[in-house]
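What follows is chain A paired twice: with chain B in the first complex and chain C in the second.
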Partner chain A sequence: MGSYDVAVYYFLSHVLKNEIIRPREITSATLELGSKYSPDFVCTPFKYTLGTMIEALEDGADTLIQLGGGCRYGYYHELQAKILEDLGYHCQVINLISGGNPISVRELFHNSSFQIKKKSFLKYAFLTKKMVFYMDKMDSYIRVNRCYEKEKGSFNKLRKQMLLEFSKAKSSFGLRKIYHKYLKKMKKLPRRKVERRIRVGLIGELYTLMEPFANFEVEQLLNDYGFEVKRYTDVTYLLFQKKKKVKQYLKHFFIKYRIGADALDNIYHTKELCEMGYDGIIHMKSSFCTPEIGAMPIIEQVAKEYDVPVLFLSMDMNTSETGFLTRMEAFCDMLEMRRKK
Partner chain B sequence: MNCYLGIDIGSISTKGVMIDEDGNILSSVYLNTDGSPIEASRKVLKQLSIPEDCAIRGIGTTGSARKIIGLMLNANVIKNEITAHAVGTIHLYPEVRTIIEIGGQDSKIILIRNGVVTDYAMNTLCAAGTGSFLSSQAKRLGVGVEEFGDIAHASNTPVKIAARCTVFAESDLVHKAQIGYTKNDIIAGLCRSIVLNYLNNVCKGKKLEEPIVFQGGVSKNRGVHKYFEEILGKKVIALENGHLMGAYGVALLAKKKSDGRVYKNNLLDIKFVTNGSECHDCSNNCELVRIYKDDKLIDTWGSKCGKY
Partner chain C sequence: MDKVTIGIPRGIPYYYYGNFWKIFFKQCGIKIIESPKTNEEIIKLGSQIAPDEMCLSMKIYLGHMKYLEDKCDYLFVPRIDRFDNYNQTCTNFLAFYDLANHYCKIPILHYNIDSNHTVFDGALEIGNKLEIPKMKLLSAYGEAQALDDDLKKKRAEEQQKILESPDKKILIVSHSYNIHDEFIGSAILKFLNQYPIKILYSDYFLEEDTNSLSKQISQNLYWKYSKESIGAIPLCQNVDGIIFLSTFPCGLDSLVHELAIRKIQKPYLNLVIDDISSMTGIETRIESFVDLIEQN
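Let's turn to the complex of A and B:
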């Protein structure tokens, strides 16, 4: 998902004595493979992850780690393990988060298939957290600034180099140094001057938002249009900030209880984006994502009160890129016209 | 004399408009795409009968095949149909606040405040409630789709037909015919179901404020027009040139963005060939389209990695 494989690989390769197999990059073949063996009406992340799992098994893996999450995602691993077994693969699928709660570290230590280097476990857990933190920070900086680049691709090039250096870092200090080095380089990149800034907020279901292949690289597209992009959802937010933030949201918001996965967060963020004067909001989800379907009418109503346009997009393997581009183009044209008035 | 061309290549029909410096329509063409946008746009150009002394100073393309035809004609504006429709209608009818557009494969609603598009929505995956649904049902009933409007307009007792989905609507239609409803009332029911489907699936709680303009191919259907007014309880204006609005809008944009170049009058002589293939160099299996102009490869589309 996104570039997080760099961080996950970094962690596992330092903590486990086992051989780690890096998953292949997601392509149309991954999705096709996943959809072939998935129920048709399951949400798209299931199909992506199943496709990746089969590819990894083909490459020789015997233990798979599924992240899991707070919605149906938390039960994915059981169905996926069953499907893989029916296909004749012998493997173990481990789920890290189920029902919104992570499994305990002790449980992982007791799992016989892992040979964990206990000494380095804590150190690298800490370093990986830091790495993800810096990656997310850099990405939010890029989303706001890449739209003004003079030379196309200059930001992406630096980002790629930074990730490469990250994977070789040895200490928290080193990570920080690399981050600041590249931030400085990016700040020096030549930029276009614009009269009016147009800002767009991206909200929705986490997988579709974070995997560029699943959202037709919507962030790059918006940046190419010259629009700044803000996205709340990233791993730092989901794993380390969400719990605390949701408690705050519930206290001051008209919704008084949690409504599943990230639905509450997205409604709150809609309100926040409107109040900050954003020009438009794009809501993305994979087809059949139940929590987001519940959130959509409320998001529409909130945005209506502030007179901010929202574009709802639903993505799965049958979504045509042409239809997506037409809607995006029209949305961008509209934001520009609104701004000019 | 200067003139500007706008071509709207839709899924079912292709429209062409030629306008002068003041935005007046000099001539227009409306014909079927028949699955071949390149051929259809050639025909459009031929039938527009551009006078010899005319200097074409801008060409705009819109509709689902806008990119490829834009490349073929070397257009100076290539715009999506939503923007094009809005621009055309606002020019002709500046006070408009709501545009209802129902075409062959898609239907959209565009909300306009003070001459600016403020919101829009488009139908999603399903083609229920669009022109192609009407024409396939017309075939089933053995009636020309052009006569649909008048028949529906004459009926006073439209049959209730499930409007949510094309397949359900069709089986409902068969059922209603078999229990003895007259053909005229069924046709009226179909037109009514188009309106209900549009209001439920596309508008979804958006406020339709007057003046409302109804356009796109289906706006020629008097029955659908009548039921829109009846169900909304508001006046709905069907523009005389409602089916040409996309082409007209993009012609206006071409005029606005005109960069001084003058197109040659021999647009029809260009040799333009496309050819599709699949690349198997990686697991993306991209579907590639190669485009040849005058036997020279000018572009390749569909590559995800940027190899082509």
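Let's turn to the complex of A and C:
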């Protein structure tokens, strides 16, 4: 998902003695492979992950790790394991989060297929957390500033270099040093000057937002239009901040309960974005994402109250890129016209 | 407070708690009004306001709410989150209250079931709100609970009798709110009833039995109502065929039914009902399925 494989690989390669196979990059072949063996109306991340799993197995993996979440994501792994078994692969699928709760570390230690270096486990867990934190911080900086670059691709180039250096870092101090080095470099990049800033908020379902292939690189697209992009959902938010924030949201909000997965967060973020004066909001989800469907009517109403346009996009394997581009173009033109008024 | 009318929409939670509520409110002396069985008008009301991708059962529930909106003082919409960490519900159940609040202009009477709150807490809350004397409330709650349990036991016994009979049997695996709904399930049941085949319902078994039996099919399942529906499969070892019934695009069933289908060695039929699905197509499929079972 996104560039997080750098962090995950970093962690696993330092902690495990086993051989680790990097998943191939997601392409339309992955999606096709996944959806061929998936049930009909399951949400799209299931198809993506199943496709990646099959590819990894073909590359020689025998143990796969799957995460879980507050919706049906937590149940993916069991069906995926069964599908893979029926396809004739011999593998073990390990789920790290079951029923919304992470399984205990002790259980992982006892799992015979892992050879964990116990001494370095904590150290690298900490380092990986830091790395993800810096990656997310850098990404949100890039999203706001990339749209003003004079030389196209200059931000992306630096980002790539930074990720490469991250994967060789050995200490928390080293990570910080690299982060600041590249932040400085980015701040020095030549920029265009603009009269009007147009800002767009991205909300929605986590997989579609964070995997550039699944959303047709919407962030790059918006940046190319000259729009700043704000996105709340990233791994730091989901793993480390969400729990605390949701409690705050529930205290002062007209929504009384949580609606599962990130639905409540998205409604709250809509309100926050509107209050901060953002020009438009794009809500993205994979098809049939139940929690987001429940949130959509409420998001629509909130945005209406503040008179902020919202574009709802539902991404599936059948979504054509041309159709998507047309809708984005229309939306972006509309935002520009509104701004001129 | 004797003029209050409470509207109970005949939607999703009605099929789990409806009987209980009806007795409870009757004992408390409160007038209730139920929405009629699902009809074209209600589906239309629901799908007009709901987003396209919402599941049919939820659209129907919203339709029932909308139907009752101007006919009562309070709309009774509970929110069911989880009973414990391994007995959760679909995320739609989590959104009941907030969606009802969003769509309907009248006050919502609700309670919340999650890890810290039970149905009993909910009853107390409602009692407070409607100013029901506590003694009356407690006795009504007890009575409703007892009668509801009786009904469930009676149903389970009947099922057991069918299970032991030598006739051909079909098990229908589905959520209660699908199979007993007038639009989704009844037409199918009516069609099945023409044949000399006995029908078993997954939701008529006692939940204590089915909940733990579901482990035989799925180890990590954490949805209460899905557990109960697929838990009926190991319980009915000697049925001749299984019909899986779900609505489009149900999030839980898309995974759970698929897994169950991959694990059973019996003839099965997987029916997915949409709001535009034609009955003829479904009839043909059921017909050929029944033929297959009769030949076996």
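Following the convention adopted for this analysis, the second predicted complex is superposed on the first by the 341 of 341 C-alpha atoms of A that agree within 3 Å, B and C clash if a C-alpha of one lies under 4 Å from a C-alpha of the other, contacts with A are read in each partner's own complex, and residues count from 1 in each chain.
One rule holds in what follows: a residue touches a chain if its C-beta (ideal position, glycine included) is under 8 Å from a C-beta of that chain, and two chains touch if they have at least 3 such contacts.
Keep in mind that this is a model prediction, so the values were computed, not measured.
Participant: Should chain B and chain C be called a clash or a fit once both complexes are overlaid on chain A?
Facilitator: Fit: chain B and chain C sit side by side once superposed on chain A.
Participant: Output check: A:K129 vs chain B and chain C. Expected answer is one of first, second, both, neither. What do you get?
Facilitator: In the superposition, A:K129 touches no partner, neither chain B nor chain C.
Participant: Vertex at chain A, arms to chain B and chain C: angle between C-alpha centres to the nearest 10°?
Facilitator: Roughly 80 degrees separate the directions to chain B and chain C.
Participant: A:I255 contacts which: chain B (first), chain C (second), both, neither?
Facilitator: Second partner only.
Participant: Which partner does A:K271 reach: the first (chain B), the second (chain C), both, or neither?
Facilitator: After superposing on A, A:K271 lies clear of both chain B and chain C.
Participant: On the A-aligned overlay, A:D333 touches which partner chain: chain B = first, chain C = second, or both, or neither?
Facilitator: Touch status of A:D333: first partner only.
Participant: If we overlay the two complexes on their shared chain A, which of chain B and chain C does A:P39 touch? Say first, second, both or neither.
Facilitator: Only chain C is touched by A:P39; chain B is not.
Participant: Identify the partner contact of A:S314: answer first if only chain B is touched, second if only chain C is, both if each is, neither if none is.
Facilitator: both
Participant: Tell me the contact category for A:L79 with respect to chain B and chain C: first, second, both or neither.
Facilitator: After superposing on A, A:L79 lies in contact with chain C but is clear of chain B.
Participant: Please tell me which partner, chain B or chain C, touches more residues of chain A.
Facilitator: In the superposed model, C touches more residues of chain A.
Participant: For the overlay built on chain A, what is the smallest gap between any CA atom of chain B and any CA atom of chain C, in Å?
Facilitator: When the complexes share the chain A frame, the smallest chain B-chain C C-alpha distance is 6 Å.
Participant: Chain A residues touched by both chain B and chain C?
Facilitator: In chain A, residues 297, 314 are touched by chain B and also by chain C.
Participant: Spell out the part of chain A that touches chain C in their complex, as residue ranges.
Facilitator: 39-43, 46, 70-72, 74-79, 82-83, 86, 95, 98-101, 255-261, 263, 287-288, 290-291, 293-298, 301, 314
Participant: Tell me, which parts of chain B touch chain A in their complex?
Facilitator: Where chain B meets chain A, its residues are 64, 79-83, 114-120, 122, 124-125, 204-205, 282-286, 304.
Participant: Where on chain A is chain B touching in the complex?
Facilitator: 24, 27-30, 297, 300, 307, 309, 314, 318, 322, 326-327, 329-331, 333-334, 337-338, 340-341
Participant: Going by the contact rule at the top, pick out the chain C residues touching chain A in the complex.
Facilitator: 49-51, 53-55, 79, 81, 85-86, 88, 90-92, 94-95, 97-99, 101-103, 112, 218-223, 248-252, 254-259, 262-263, 272
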